[in-house]
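One structure is given here, and the rest of the page talks about it.
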Amino acid sequence: MSSSNQDRVRRDPRLEWIARNRLHPEHEQALAALGQVGGSALAIEWMGPNGRMRRNPHAVGFIGPNGRKRIDRSGAQVGATDSLRGRAGNTAKQDNRRQVDIAEPDFFIAVVPDTGSGRLTEHDRDLFGLARRLADQPGVEQGAVLAVVFGDSIPEGLDEAGADRVVCFPIASGYAPEERLAALMSLEAALLPRHWMLPDTVLGGGDLGRRLAVQLGERPACGLWRVDEDEQAATGWSCVCRSGSGRWDQPRPLPRVAIALAECAEPVVETRHAAAEVEGLDLVAIQANEGAGEVIGSSIEDLGAVAVDPSAIALDEAEFILSAGNGIRDWEGFHHAARVLGATEGASRVAVDDGFMPRNRQVGATGTWVSARVYVAVGISGAIQHLQGIQRCDKVVAINSDAGCDMVKRADLSVIGDSAEVLQALATLVEASRGEATSQQQATPSDVHALKEVRDVA
Amino acid sequence: MSLEPSSVNSSSVASASTQALNIDVLVSVGRHSLTERPRRADLDARALELALRLRDQRGAQVNACHVGEGGQRAGSDTEAALRDYLGMGLEHLTWIDAPQGSDALGLLDEHLRAGQVSAGPRLVLCGMRAEQGEGSGLLPFLLSESLGWAYVPAVVEVEDVASEDGHWYTTVLQALPRGQRRRLRVRLPALLGIDAAAAQPRQSAFGPARRGRIEQRQLETSVIADESLANWPLQPAKPRPKRLKIVTATNARDRFKAAAAKAESTGGKVLQDVSPEQGAEAVLTLLKEEGVLR
Amino acid sequence: MLNTLLPMLLLAVLALAVVGAARRIALWRRGRPSPVPVLAGLMAMPRRYLVDLHHVVARDKVFANTHVATAGGFVAAAALLLVVYLVPLPGSVETVLEVLLLLFSATMFVGARLVAKRRRHPPARLSKGPWMRLPKSLQAFSASVFLIALANLGLLPEGLISGVMGWALAAVLLVALGLGLAELLLGMTWGGPMKHAFAGALHLAFHRRAERFSTRKSDREGKVHRSTGLKALNLEDETAPLGVATPEDFTWNQRLGFDACVQCGRCEAVCPAFAAGQPLNPKKLIQDMVLGMTGRSDAAYAGSPYPGKAVGEHQGNPSGPIVVEAGGALLDADTLWSCTTCRACVEECPMMIEHVDAIVDMRRFMTLEQGQTPGKGSEVIDNLIATDNPNGYAPAARMHWAADLSLPLMRDLGQVDVLLWLGDGAFDMRNQRTLRALVKVLRAAGVDFAVLGDEERDSGDVARRLGDEATFQRLAKANIATLEKYRFQTIVTCDPHSFHVLSNEYGAFGGHYRVRHHSTYIDELMAADRLSLRSWKGGSVTYHDPCYLGRYNGEYEAPRRVLTALGIELNEMQRSGFRSRCCGGGGGAPITDIPGERRIPDMRMQDVAETGAELVAVGCPQCTAMLEGVVDATAQVRDIAELVADALVSEDASGKERAARPQVVEVSP
């Protein structure tokens, strides 16, 4: 990927001239055009003729409550202007990344990211950061970071994550550890990476990495969270591994296979890398040669995802919980909303005590501690035990008639009003939006059905 | 967990009962996270629970075994933990003697191979990682390699064991994040690593725990020291540093702001005096942003 | 003719009754052995009956008198009947006895009429079925005996006793007497309502807790006769059974006790679980135990069922399991786990049956042998095993609540007057307020006290009530070993559960202590004038008796004295003192959490609301937690220690006042 075209500055001298002349009737439009801001809004920043950033001090600030213009430099006031600038600044930041190209690497550091749902995860980025440290160690040699991905397409953002080279094996998603292992072994034979780095996730890198290490006869560094330069070690690096229980650390020289925890290193932020596909590797041929003969043979067959009823998911595993409390009068409406939203149902102690919900649905210190990404508390005032139980939730939404209750204080978003009506409206909205997207919506369930049918036939 | 009706069809049960399913459960000594008192390891207990359910439902043969330091047995921590497993309803448990710091791999390999005499289907269940020591979760992978059996991690349920074309297969459910499940068909013999999302282990009762027999076993395999532990001893874990917010601002003001700003105040947005529709709209937006709406 | 047939009838009935008695005794003896002093027991029986049992019966004055008339009349009449007709006596003596017979049978008849009257509209707690026939049998017996005595005395008109009329009358009298005797004498030993008299008398004689009964000596010494601690299991012997699995696993005198039940339903009327619609009825439980001995179905049971469980679906088996996971056996597990061990049933039982012992015995088997403690029970037990507290907190965090109080530790002092036992409430934020208040009071009174700190463990109360005797004994022995290291005079605790266990249940393991509940101790401090208190200025107050303080330990007065001393006029609830209704927090009930139609604490707060009190004073962390958990409660829940601490006139403040005044006096002249 070449970025030179993107970086070239195209100038319009006439426009710049108008922009400099504050009395010109088209002055503001010119400023806007230069600042790449659409519409009539004033441009705040634009690139000057020499490629320098220029700023219009008149466009900064906002009109205060008493009609006077205010400039707030604390950053506390987030107005329309700020968000505009934020967007502009973002593009500027991306442009500020330094392009790094490594033409002739001395060695490879292979990274096998999880690429959950086609995107790099934060964990993956940390891992690339670690790989970059190993590849860019000041010294005689210059390594390249090789991203190894599986699937039909190469995920976005590998260049910014820090990959110099990419290898993509067209292995479908799903659980196929033996196939993937064979692919990695073929790459091992072809490129002999100095290190293999994988994220320590249960079904992703953690699984594949251990299989790879066993094949390579290596004792992998599992649960690795820290890497230091170490002249004593054979590889020049030492690392610290966390034990499975989290109670022990094991310092050791960095082995060839490293299976690392999240935040094992800082992700790459300042540079952009080539992320070029490795040429001259006939992967299909390699795969065919290395084949399944060496590994155990395909003894694991993925029969596909199982349709899990959200209401049957254990509370502590659920990612989206709709929880009912004392304020619920319309239980039918609540259950309906949970069904429509596809949320797992939870309840406060009172709702359970009153017999509206089963005991295993109770959230709180005396029930289940939950860690949902979104927790919607309907008619729950927020007793201390309940708030303790939801402290690991990411986003809390309160729907409550009492604006002064503790749950509203805790919530990221609170809707004050009759819970039954809000739930009803929410269910209607979701149903409406489903109706629009019927064609797309049908894709997933039918897949599941198809799989089921395949299974039944088998 | 009620998934779709599982496919335990009668023919497979019948065929399974003709040749009893043989299950080995590998158990280790766990420690309570606060008091470090010995007890059954949670994941291993879940593995045993799964095995005991298969025993109750389809008459599987369940053998549990532990590899660990022998020596003073009565009253030792190891014994206390093993009795916890016995208390779940096992009559006996094999304790394979291994000096401290030795590698369990060879011993387990020999033990499991020795048990292979039965012609029926064979499963080995274990927790995905130990609670003590390195706990890297590598052992089942090594064992799978040395035995030449498949290994499947993160299993939460064994749905079925059936034979087809002269081979035995098991259908298992594997835990994906956030309560999702995936169904796999695995050729036996196989090792299954049990996930924390598997069924809660049953209560360990005092009576059976006291009565259960612990059978010592000395194996002929020469014991190899665990090199990893010998060369790189464990240290008490240090708290990991909290990651600082990465500041990539290009100008002084943004950098200053990032450095000086307090943690983002989480004062939530409160929508008062809005119509239910407006409120619902706001909630829906948040749900979509978080991507929890499927 | 009467004079020839009657002795034969009496002898036949007596002989049959003896056979029945032998069979019944053999049935009881199929239980586990339990050595009792046979002669001493039989000797003590009349006193136990007349004093202790009557003490309970007399709570219902009207029925007590009815029972005295009926039972007294029957015993005397039956004895006289036997003497008169089976023993050859001189004529004059016989006449006197006949007159007495006349009197007693008349008394009995009056009693029987009263019984019949009560049975006309029987309260729900009474069993129906054969019990409805009992008043008729009583009347038949007493009337026929009365007429026979009249006839023998020659007081009946001539026309009635001669000729055909005489034959007819004799036949009618014999049949009536026969029916009466069958019910009253045969029924005693062959099973029937009157079984309670025979089994009850022996039950009193061979009771498993002889220390429950008063003796002349104990009365003279003014000692309390109470026995509420659970009996320890023998865990040293690996072959000793762990709890009760089958009806035959009960000790023989427990089985005897079950047979003593009169199905009066007083237990049912006071049982909090029954009132809450949980599947427990103490009366039915005891009746099921009786059925278990013979292996019959409960279809013939004629009282209130377990709420939510139909009668006739359960079947006993004399040597089969009492509880089967699939159900349908003698009991369902949730019946056993509904009990809060509040002892209200035991307290009310006129036959001195020990319901709680039986329930805990059966729970022990479920926990120790089957590992089937329901709800969060297994988690709590695991926590107790691993962390010595039921909620799995770090043991080292036990004193975190008192970080700013710099409480003296036993470890540092070694010897103090008062050892303050904190209990597991030390981990609970609500109870920490109570503990702080208690510490403030102790300091204000200048008490020399210390705490065990991290060395303290859970007393083992919950583990034991959940049936985990092994964990209880481990905790008990560990605590006793800790306490042995130090010297103190009294243990003071604000947790009645710890109080009960420390004072009544540690004795079996060699731990004998002088333990005081904090209300008792504060009462002693007040009596010694060591606290200066402001008078109460709040609204109306009521007091909730914790079960483990009141019924288990008989302390009803001290908390009331403390509250009165604060200037509070107590607004008593209808159910208070020994009849206090449980808060629902005992016996691990909140942990096993068996669903019912209502919640016990809600009912208790309703009791509070009926008094109109704005505040309910409590003396137990469990009660505080349960009652405070009631939504939309009308009254505030405060511990006695908090009320006392609030009323304290701080020493410093008054000292300053005193110091300030003289200065003013000096300056002013």
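Letters A, B and C mark the chains as written, and numbering starts fresh at 1 in each.
In this text, contacts are C-beta pairs under 8 Å (C-beta built on N, C-alpha and C of every residue); 3 or more make two chains touch, one makes a residue touch a chain.
Nothing here was measured: the structure is a model prediction, and the numbers come from that model.
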Chain whose Cα centroid lies nearest the overall Cα centroid: B
Between B-C and A-C, the pair with more C-beta contacts: B-C
Centre-of-Cα separation between chain B and chain A, whole angstrom: 26
Inter-chain centre distance, chain A versus chain C - centres from mean C-alpha coordinates, in Å: 62
Centre-of-Cα separation between chain C and chain B, whole angstrom: 47
Overlap residues in chain B, where contacts from two or more other chains coincide: none
Set of chain A residues in contact with two or more other chains: none
Chain C, residues touching no fewer than two other chains: none
Residue ranges of chain B in contact with chain C within the complex: 32, 34-35, 37, 39, 87-89, 202-208, 210-211
Interface residues, chain A side, partner chain B - complex: 73-75, 89, 92-93, 96, 174-175, 202-203, 206-207, 210-211, 213-215, 219-220, 222-223, 225-226, 241-252, 263, 266-267, 269-270, 296, 299-310, 312-314, 317-320, 341-344, 373-374, 376, 394-399, 403, 408-418, 421-426, 428-430, 433, 444, 452, 455-456
Residue numbers on chain A that touch chain C, as the complex places them: 326, 349-350, 353, 355, 359, 384
Touching residues on chain C, where the partner in the complex is chain B: 238, 242, 367-373, 377-378, 381-382, 385-388, 392-395, 468-470
In the complex, chain B residues that touch chain A: 1-4, 7, 31, 33, 128-138, 141-142, 144-145, 148-150, 152-154, 171, 173-176, 178-187, 190, 195, 197, 227-228, 231-238, 240, 243, 246, 248, 250, 253-254, 257, 261, 266, 268-277, 279-284, 286-287, 290, 292-294
